[in-house]
Amino acid sequence: MWSFLLKRFLHAIPVLFVVATITFFLIRAAPGGPFSSEKVLPPEAIASLNSYYGLEKPIYKQYYEYMFSLLKGDMGPSFQYTNRTVAGMIMEAFPVSLELGFMAMGFALTLGVCMGVFAATKPNSMRDYMSMSFVMIGICVPPFVLGPILIWFFAIKLEWFNVSGWGSFRDCILPVITLGAIYAANIARLGRAGMLEVLSQDYIRTARAKGVPEILVIVKHSLRGGLLSVVSYIAPAIAGIITGAFVVETIFQIPGLGRLFVLAAFNRDYTMIMGTVIFYAVMVIIFNTIADVIQIVLNPKRSFDEG
Amino acid sequence: MFLLKKILLKRDKGCVVEEGNSLTREAFFRLRKNKLAMFGLFFLLILVLFSLLGPYLASYSYYRQDLGLGAAGPSFVHLCGTDLLGRDLMARMMYGGRISLAVGICATFVSLTIGVVYGAISGYFGGKLDSLMMRIVDIIYALPFTMLVIVLMVWLGRNFILIFVAIGAIEWLTMARIVRDEVLSLKNKEFIEAARAIGLSGWKIIFRHIVPNLLGIIVVYITLTIPRVMMIESFLSFLGLGVQPPMSSWGLLIKDGAQVMEEYPWMIFFPGMLFSLTLFCLNFLGDGLRDALDPKMKD
Amino acid sequence: MKEILFGVVVLSLGILIIGCSQKKSNLENASVNGIFYAGNGNEPQDLDPSVVTGVSEQRIVSALFEGLVSENPQTLQPEPATAESWDISKDALTYTFKLRKNAKWSDGIPVTAQDFVYAYNRILSSKLGSQNAYMLYCMKNAEGFNKGTIADFKDVGVKAINDHELQITLERPTPYFLPLIAHMSWFPLQKKNIEKFGAMDQRGTKWTLPGNLVGNGSFILKDWKVNKVIKVVKNPHYWDAGNVKLNEIDFFPISDNQAEERTFRGGQLHMTFTVPTSKIDYYKKNASDVIKISPYLGTYYIAFNVQKPPFDNVLVRKAFSLAIDRKSIAEDVMKGGKIPADSFTPPNTAGYTSLTKLVYDVQLARKCLADAGYPDGKGFPRVEIMCTKLDIAEALQDMIQKNLNIKISLVNKEWKMYLDSFRTRDFYVATASWIGDYNDPLTFLGMWTSDSGNNRARWLNKDYDKLMAESSICINHNSRFEIFKKAETLLMEQAPIIPLCYCTSMALLAPQLKGWYPNVLDHHPYKYMSLEKTL
């Protein structure tokens, strides 16, 4: 296993290098600089800003210097938020995103697995259609519609929750539902498909024939195999959920990573864009590795040797 | 993307569509038993007609404003009401349907083409080329997807055509991996060996004999990718990076409607229902097709 | 089986909901404790008064610092603040300010005249690259020092006579000088505080973080969580602390105006930063005491690229101007009590009102277009309107097409790209807006001179330049305004820009909030605000 992890780690280095390079040049190619503002700056001020952030140097030199400081673990200062560093801001936003992401995943798992398994117990029946239709709301209604509807009903009409903000557990519920809905739908789908496959196996038929109660058949004999694909879905999904929550973060006013990135892209905050993208890539690699490890552990057909 | 791969690979790897029509017919028979999927198929046909033919029958154009009228509720004059600038919502929905479906189909087509060709080449030729090509896929996988779309949109500007290309250019990865895996397993089958023995070139083998065997996967892929793309389109509209008015798309209408859903509920209700139902139908049709094409799923 | 599974789902959802079925009302609690919850737009980029430019930053900085004078919350007239009195020389070129003896920094050290000199030296030093340095250009040699032609700061017209007397010498008579110095770029800074964290002209040091920042305003920075909240609490060392009624202000950076409005409606804010257009009618009808709409010192306009055909022809520009129904744009599209514009400078700006009148006349517009060589829009090249927000541009597009029979396309650009297009002059027509920096017509008319960087139309007119030069040396108030009127008439006749309507500022205010007054700069000093405990 350790050699497997080492191999993954070595593979990650060129990936991160390419990711950083592509983003660096893409974002520099975009029109408009970090200091173009509504009221035009005198050229002297622009010159001094450029020299402060090293933007007056030729691009290859900027690239070289950025990569070099990145190697030393320095992501530089944010262009937009002048008294902060990129690393500092990411580290402040990351725990929030992590918390939101894990809770949303927990919600999605609970709902998704229940509904998926429930639907699979009687395929092509009303039960199947109803439960699957219910979870499918998650992938059919865009979060920027689902969020405001939930807010309108639960926060404004019923006054159960705060409309926005991030502090107590109560503040998490609506965003978690909004964010988790789409994942719940996918988990339900995977769970249903996996269960269907397992339930058609011979040993299940044998178990049923032996008179094992249905509930035991499902919980004891088929859940493990049926949910294998769900397990390997979770890890990469968490990576996505953590950084891809821009819409939910905007609607519910959550100080997470997604907003950090999108605002940076619009403001041409070069260092912040680089920082968030690289951070995200690292997350993807880590969670994908975790997914593989879990799969290998759970699935006897695979081994750590395959890479 | 992982999800899609899992769903698609439900199909038995050993099964090869060489046995002729019977399997297709059998699959269709199984699909017909899935009422939800059939409903989806039926509804989609109506939707396509609505979007394609609708604008010819409508009495309003999608861009003509009536500022004095402003946002008016549904009435016999404007069946679905009007938007904030007094434009007929029904006409905008029809026109928006064209754009949204076009975005979905084009982006899917782009990604399908890249994915199939890329995956087939990588899988068939194998060796160093394969590992290089798959390394590239890994790299693009690690690129933050939404971030990449945003960076691309910022870089390229708000261009309608480019939306297709940008989305399609990113969505192909899953397809490439799946096709590669399938090709790897097909490569050593007898009929391919036979084709090779009679001296067919690699390209011919790939496109004459291997790709047709992937049809099932491709169909499922299409039905599941179109809704994903449409969702992305709506996300881009939310960011203000999507289709630009006076053109319309469902994503744009929903975004506009969501902002005024309490004052003018019809502006979110009609486009929202249409959008969600379409996604719903496509997803169920995709799931149904996957179930149907999986020969193990016989009861 | 069915029942059990269903039970699990229902139960877990139920627990979730019941577990949190009580919610206390935030706003009432806050009001009782004197905590003011304010929506504040974007996340502030920094809180350094010499560096920041945006409204979101201004709202916080003005709680943390105080200048020589402050604005009357209703009339915006300058009132004594850190300076308790001042003398103006006969030629109106020298101002001598007497500072309050009891004015103190938040660490208890007295505010001295040197602190102002230090702040002005800092903002004008070219290495800092302040975007606000131009606000000080009326000071003698300030522009030269900022641009590097004058090396020694001693030559700049600011001097500390002693600890409590500050003398400022101006480059030229500036009738709006006193209102101008209420702006944050004129706030004092504590040398000791800033240089603890870096050199004077170093950007981005940590001195503006909570715990570090020392200010002289009525509040102290207590907490700053990015994208979440900025908290400021009452400053006990403030010279007028006895009159500050609020104990704390929490600024929430809610950049999405829809989300902000919902947050307000959910009872989590006393005041919003703005109001979404779609909600204006609702509040006007159902809660007219909550929504506050007041004129704002700014104008929406469209700018032509006058160096690019067909808009190099004044007749074409006129035709466009005549074909636009400003009333409909103001009332049906922009809403919120917007007034159709007749001039670029909003009426009654520091007492100045332009004489110009802009009309909507389709017949005349068509005639102008025909005279320009495009009868009935024939042969008119394909042009596009550039914008960042669609509503106005969409309406314009439709009007031009209907009235002039010209097809125009729309390009909605993302903000930075839009700014870049002005820089590279890669546009035909663009919708834009301008918010005045200070309450004087000059902030509107000064930007259309040939050498102005903000002249987006790239309109070069010698007569206009001459008029503006004349106005800058004119001491007499009335004759200065007469020159402005001439200049504005010329601007409207040549029509490099077409004003559409004047801006309004909008906010939603909870009824508990008292001491908030509407004014054209949308400045609301917190010193005067209070929260009523019960309703």
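The letters A, B and C name the chains in turn, as written, and every chain counts its residues from 1.
One rule holds in what follows: contacts are C-beta pairs under 8 Å (C-beta built on N, C-alpha and C of every residue); 3 or more make two chains touch, one makes a residue touch a chain.
Note that this is a predicted model, so its numbers are computed, not measured.
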{"item": "Chain occupying the most central position, where position means C-alpha average", "value": "A"}
{"item": "B-C compared against A-C, more contacting pairs", "value": "A-C"}
{"item": "Subunit A-subunit B separation of Cα centroids, rounded to whole Å", "value": "22"}
{"item": "Inter-centroid spacing, subunit C versus subunit B (mean Cα positions, whole Å)", "value": "45"}
{"item": "Rounded Å distance between subunit A and subunit C, as computed from the means of their C-alpha atoms", "value": "37"}
{"item": "Touching two or more other chains - residue numbers and ranges from subunit B", "value": "154, 157, 262"}
{"item": "Multi-chain contact residues (two or more partners), subunit C", "value": "258, 414, 417"}
{"item": "Residues of subunit A engaged with two or more neighbouring chains", "value": "30-31, 148, 152, 266"}
{"item": "Complex interface listing, subunit B residues touching subunit A", "value": "2-3, 6-7, 10, 33-36, 135, 138-139, 141-147, 150-152, 154-155, 157, 227, 231, 234-235, 238-239, 251, 254-255, 258, 261-262, 268, 272, 275-277, 279-280, 283-284, 287, 290-291, 296-297, 299"}
{"item": "Complex contacts: residues of subunit A adjacent to subunit C", "value": "30-33, 36-42, 44-49, 52, 77, 80-84, 89, 92-93, 110-111, 114-115, 117-118, 121, 127, 148, 151-152, 155-156, 159-166, 169-170, 173, 214-215, 218, 250-256, 259-260, 263, 266-268"}
{"item": "Contacting residues of subunit A [partner subunit B, same complex]", "value": "11, 14-16, 18-19, 22-23, 26-27, 29-31, 123-124, 129, 132-133, 136-137, 139-142, 144-145, 148-149, 152, 186, 189-190, 193, 196-197, 200, 229, 232-233, 236-237, 240, 243-244, 246-247, 261-262, 265-266, 273, 276-277, 280-281, 284-285, 288, 291"}
{"item": "Contact set on subunit B toward subunit C in their complex", "value": "63-65, 67-68, 70, 84-85, 154, 157-158, 240-241, 244-246, 259-260, 262-264"}
{"item": "Complex contact set, residues of subunit C against subunit B", "value": "258, 276, 278-279, 281-282, 328, 332-333, 390-391, 394-395, 397-398, 410-414, 417"}
